[in-house]
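Chain naming follows the written order as A, B, C, D, E and F, and within any one chain the residues start at number 1.
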Amino acid sequence: MPEGRAGDAQAAPLSPETFARLKACSTATLTTQLFKRGLHNLFIQGACRQTRGGGTMVGPATTLRYIPAREDLDTLNVFEDRSHPQRRVVEDIPPGHVLVMDARGDTRAASAGHILLTRMHVRGAAGVVTDGSLRDLPEISEMDWPVYAAGGAAPTNLIHHHAVDIDTPIACGGVPVFPGDIVVGDAEGVVILPRHLAEDVAHDAVAQESFEAFVLEEVRAGRSIFGLYPPDEDTKRRYEALSGVRPKTHG
Amino acid sequence: MPEGRAGDAQAAPLSPETFARLKACSTATLTTQLFKRGLHNLFIQGACRQTRGGGTMVGPATTLRYIPAREDLDTLNVFEDRSHPQRRVVEDIPPGHVLVMDARGDTRAASAGHILLTRMHVRGAAGVVTDGSLRDLPEISEMDWPVYAAGGAAPTNLIHHHAVDIDTPIACGGVPVFPGDIVVGDAEGVVILPRHLAEDVAHDAVAQESFEAFVLEEVRAGRSIFGLYPPDEDTKRRYEALSGVRPKTHG
Amino acid sequence: MPEGRAGDAQAAPLSPETFARLKACSTATLTTQLFKRGLHNLFIQGACRQTRGGGTMVGPATTLRYIPAREDLDTLNVFEDRSHPQRRVVEDIPPGHVLVMDARGDTRAASAGHILLTRMHVRGAAGVVTDGSLRDLPEISEMDWPVYAAGGAAPTNLIHHHAVDIDTPIACGGVPVFPGDIVVGDAEGVVILPRHLAEDVAHDAVAQESFEAFVLEEVRAGRSIFGLYPPDEDTKRRYEALSGVRPKTHG
Amino acid sequence: MPEGRAGDAQAAPLSPETFARLKACSTATLTTQLFKRGLHNLFIQGACRQTRGGGTMVGPATTLRYIPAREDLDTLNVFEDRSHPQRRVVEDIPPGHVLVMDARGDTRAASAGHILLTRMHVRGAAGVVTDGSLRDLPEISEMDWPVYAAGGAAPTNLIHHHAVDIDTPIACGGVPVFPGDIVVGDAEGVVILPRHLAEDVAHDAVAQESFEAFVLEEVRAGRSIFGLYPPDEDTKRRYEALSGVRPKTHG
Amino acid sequence: MPEGRAGDAQAAPLSPETFARLKACSTATLTTQLFKRGLHNLFIQGACRQTRGGGTMVGPATTLRYIPAREDLDTLNVFEDRSHPQRRVVEDIPPGHVLVMDARGDTRAASAGHILLTRMHVRGAAGVVTDGSLRDLPEISEMDWPVYAAGGAAPTNLIHHHAVDIDTPIACGGVPVFPGDIVVGDAEGVVILPRHLAEDVAHDAVAQESFEAFVLEEVRAGRSIFGLYPPDEDTKRRYEALSGVRPKTHG
Amino acid sequence: MPEGRAGDAQAAPLSPETFARLKACSTATLTTQLFKRGLHNLFIQGACRQTRGGGTMVGPATTLRYIPAREDLDTLNVFEDRSHPQRRVVEDIPPGHVLVMDARGDTRAASAGHILLTRMHVRGAAGVVTDGSLRDLPEISEMDWPVYAAGGAAPTNLIHHHAVDIDTPIACGGVPVFPGDIVVGDAEGVVILPRHLAEDVAHDAVAQESFEAFVLEEVRAGRSIFGLYPPDEDTKRRYEALSGVRPKTHG
């Protein structure tokens, strides 16, 4: 795969089956599936769910990148320019996509606010993620839509952030994000699935979740984790009898 | 303005109009108004609202400054001395004022606890802000009063903080705070308004909020942000027809 | 006391009286009692209560220590080994004990997850504390059991943590924890009581809380903190008349 | 100026006069000149000079951007691909340019090492700046060439850094850097001059340095800074008599 | 000792004997003497010696305090005002005193530069300490005078620091510093001696250093540290025979 | 390999060939060899060489672990006890071993000082590494012996560190260190080689260094890195002709 072109904003959309599977999985399960495939660093650090409503977020990444602001460039009148990346992405993000912003983890000024998020919600975007802050967070927290941020900060993005480009590979919360990667978010946080792994990971994740639901029931009933989690031969047989599927040994 | 005397604890009180305007504004709007006036760094970083009740906090700053503790000076019997700054400020803070504490962002020990906050509440103070921690935070969170802190920590202030003076200019959450500055806090956080700007900022902030409420309605109705936020001539005309006021172009 | 043997996992259990007293005290009060005894650093920094249910946590510490992971050692199949420290401690922790984990404050990967915590809950452990993260935090937060962590993170512990031993002295949140130390947690956080001080601290803490409840009532009724907190002779007499006990001067 | 196009890698080269002036100025003087023009944040934080030889570094910026590595993309064989951005920039950087790398301040793995720096030195580049680490730093420190980094780290860039693009605007040490900006480095550190300000800043900086040399002589001779720095009328006259130039009042 | 008045800028000067003893001691020895007296936190964290010349620094503290800058207050013309605290302290610091600056550990902009330091050197000050940065550090590093800072940064103090007062108690590098405290600095760093302890600490420190020089010789000659450091009865006798003084057991 | 027993303090000593090879290699080369074997995190972060003399450090790890200090346990008289871990390890470390200390990256107080390091040097230890501080650093820096630390700090270890055990697996600078692992340090820093990989890594590292010396000569002579680094067929042939060995393609 050529460097710098790992992501593909024009990749084929997720099949309805994969989309439904990812909707049903936790980010904990997905990170274990990625770990099994040798990928250790795809859970975004520090971006927390800011809304209760909206359910699990699933969608391809559209990216927005900020660098530090410069006083002569970042003045209030820049927003009159329709090519300004922060405003353009709000109008251009495809329905079903998740906006992922690289704010360099700088929480002193907001990456965006309530009006822009509302516009994206109305336009059908699947959610928003930043490793920086959002402003109007009290209003945002009432939205029925998935929103993730490292915190809240009243100051406008122009004070510390200069929006520079759309749909380039970015860093977000210490994680590489390529346009078109599949972004999944639950109440725990956000995980990035490389596009080419999404189907396979989704398939195995559903199986893992089913087995772990069985494990949890057993544990609640008083069974020891030894021989159960991971399963020994006896546990595998019992689960297979119940579910018709043989569990994998690890995760 | 002479250095070190920018604040004035004896400044004229806010007019009822300005007070009412600030009560109705968000800190997000106020930081934009400050940005328009060239002031980029007056939103306190890291001090979060700890109470649900109490509404928007507005009042002049009374300051308390801590330096690191010294074991021979900071012993439990210091509180018998009525001139101890932490205890004195609790009894001396004027009604309507906000206590802003400089704890150097050190959250390991508390800046104050439930009893002292209750005393200030009873005495009519408008709220409390620290860039450090508070103790008894579970009880404090039930108060019907605005309280802001970077976190909760059980240990008494004496372990890491030595209260040193009242009503000197301080740092709080990376921001300069002069006695008499107007402190405004909502669910998002706390902004510091230099006293001489408070009236002007309050006036323009109300106008900005009114226009942004209109914008939000338009966005919810499906309108693009282009030409709306910031407004073009047509949007300005429509808003003026509705509200009787012509919106400013930026913020 | 010989170095490295300060803790004693086989220490005598707490008496029912001491246990009941600690159940009734706040960590704020306990840290003040420790401060009076010259102990300044026993409140765990950064580990927050993650559950509403479960009440005050009181129990002796069982410890688990992690060092950074190594890719050749920390693979998914390690959990098949029943001597793996993370899995062993879950099955071996004595009822009534609190599991305290040293994760070096590294929140990037979880110290444990919902299944293991459920097993410990079923087995009768008194609670769990980590200075790292937990995974499945949305499910954990519904448990009716005391759980403390610095945050939530979906990735499995194997990515960043290698479990190395059980019941050795550890660091947790900047604090020394010896096996058998008494761990007390409320909504504010977690304090560690050296085993040999637990009875004495519990006794004085109850007296302090009783006096502070009196102080709070007085403050709510409008009384100044001067002469009250700390008490002068008159306050001491009034409290003694009410309660039959003479308050100590400091804390 | 359109967003995202503030820099211009094809901008006109510096005139020999401006180049010579910048070679003679300190970064301290240049930051003061930028401050006078309202630019507060153009000194790269944390990138220290790693070599004694090479004199003052002056040249236009060529940029290289890293995001976090991904295990399936960042394997040793990527360097066989001649389009790999880290290797390509080494062969493509124009003589006289300075390579500025955005490593997100992550010093755990190197941004580059001795062999690549030697190649750029041979090819005539003017120097290298990273807000991350370099490897082979003991050998690099012997180079007769300007090199700046936040530290040294033996691990190869592939462990934590994925090279993603060349000559886009980047963040480096908390500062915005646009391709074509003029990079100046002395023993104190590195300052970024927006291309369109370079001539004007260079001119005034030389005048400031000349006046400050006069001030330093006066101070060494025992004169008070009052009336001298900043200069009063008398000082201005004396300096004008000596130098033939009237000093500006501020900086 | 009344709160907030622990320091005394008008305290009696050090006797020549004490001054000479402190000139001969290391900060390592002095911190041990303070530890023996229950003072754990008087070594300034993060302020490193920036000059080779100048020997051990000893003198009473004169303090300068900064808070964060505000754009409307911190403009270049403030230095025309002779009451500006940063400029005033340079002209007012008594000969033999050490200037200790509280820059809140913020190293992004300088606390002072070469011209002001030269003026203080000429005026006979004993040295300078900041927990922030200095500018012109390459020139400063050639001074034959004790200078301590956390780093070097070209930008002027006005960008991030507002000088607010002189000779109030301050925080520096996590340590409380009261005006008149005795400041001692060697190649390792800076320790603060409360004024009333200086004579006693100096006396015991000299004795400790003499004993440790004996210990080091013994260790170089191959002797075990057991029975030597700390000394047993036999070691004490041997040292007493050599030196005429009986060593204390601990440090 | 059973968990928690990865290291083996009694492992077979290094062969003279392997020892000599490691003495001749850089840590940069060794980390690349580890990366090729899937080990990404064995370079100790933040521990810098503090001495010029002593050459490359090579030896098996003896470990010492600290947890945070507790005031009642960590008093000056603890050193009279010959079983105190910090003092015992100094007398017990086998000749040729490297002492690696886990100070939790806490640099506020020293992990050890000049007298203890001198004793270990006399006893034939191969060097010392801490992720904390050392005291007496000015004297230590003159030693002709390898010493690594994150910094210098005058205060005694007892203030913040409680020595707890010897030769258990530890964390140092974010890296797992097992007793018996091979520790290699040059001017760049310290890398940990798992004992069972040491021979193989040493062998390949020597080959890599030889090839890279050839590459550096070619680069100095003006050759492009394309086809050279990594080598193409032609470069491989030329190197093989010169050296008699065929280079590996990657690192």
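Following the convention adopted for this analysis, contacts are C-beta pairs under 8 Å (C-beta built on N, C-alpha and C of every residue); 3 or more make two chains touch, one makes a residue touch a chain.
In this text, all values refer to a predicted model and were calculated from it rather than measured experimentally.
Path length between chain B and chain F in the chain contact graph, taken as the least number of steps between touching chains: 2.
Within the contact network of the assembly, the step distance from chain B to chain E comes to 1. C-beta contact counts were set side by side for A-B and C-F; C-F has more.
Of all residue numbers used at the contact between chain B and chain C, under half are used by both chains, marking a mostly different-residue interface. Taking each chain's centre as the average of its CA atoms, chain E and chain F sit 33 Å apart. Centroids of chain C and chain D (each the mean of its C-alpha atoms) stand 50 Å apart. For chain C, residues that reach two or more other chains under the stated contact definition are 40-41, 174.
Of all possible chain pairs, those that touch are A-B, A-C, A-D, B-C, B-E, C-F, D-E, D-F, E-F.
Note for the complex: chain E touches chain F at residues 26-28, 30-32, 35-36, 40-41, 43, 45, 174, 186-189, 191, 212, 215-216, 219-220, 222, 224-226, 229-230, 249-251.
Interface of chain B with chain C (complex): residues 76-77, 79-80, 82, 87, 90-91, 107-108, 110, 113-116, 118-119, 122, 135-138, 152-156, 158-159.
Of all the residues in chain F, the ones that touch chain C in their complex are 1-4, 6, 37-42, 67-73, 78, 81, 83-85, 104, 162-165, 168-171, 174-177, 194.
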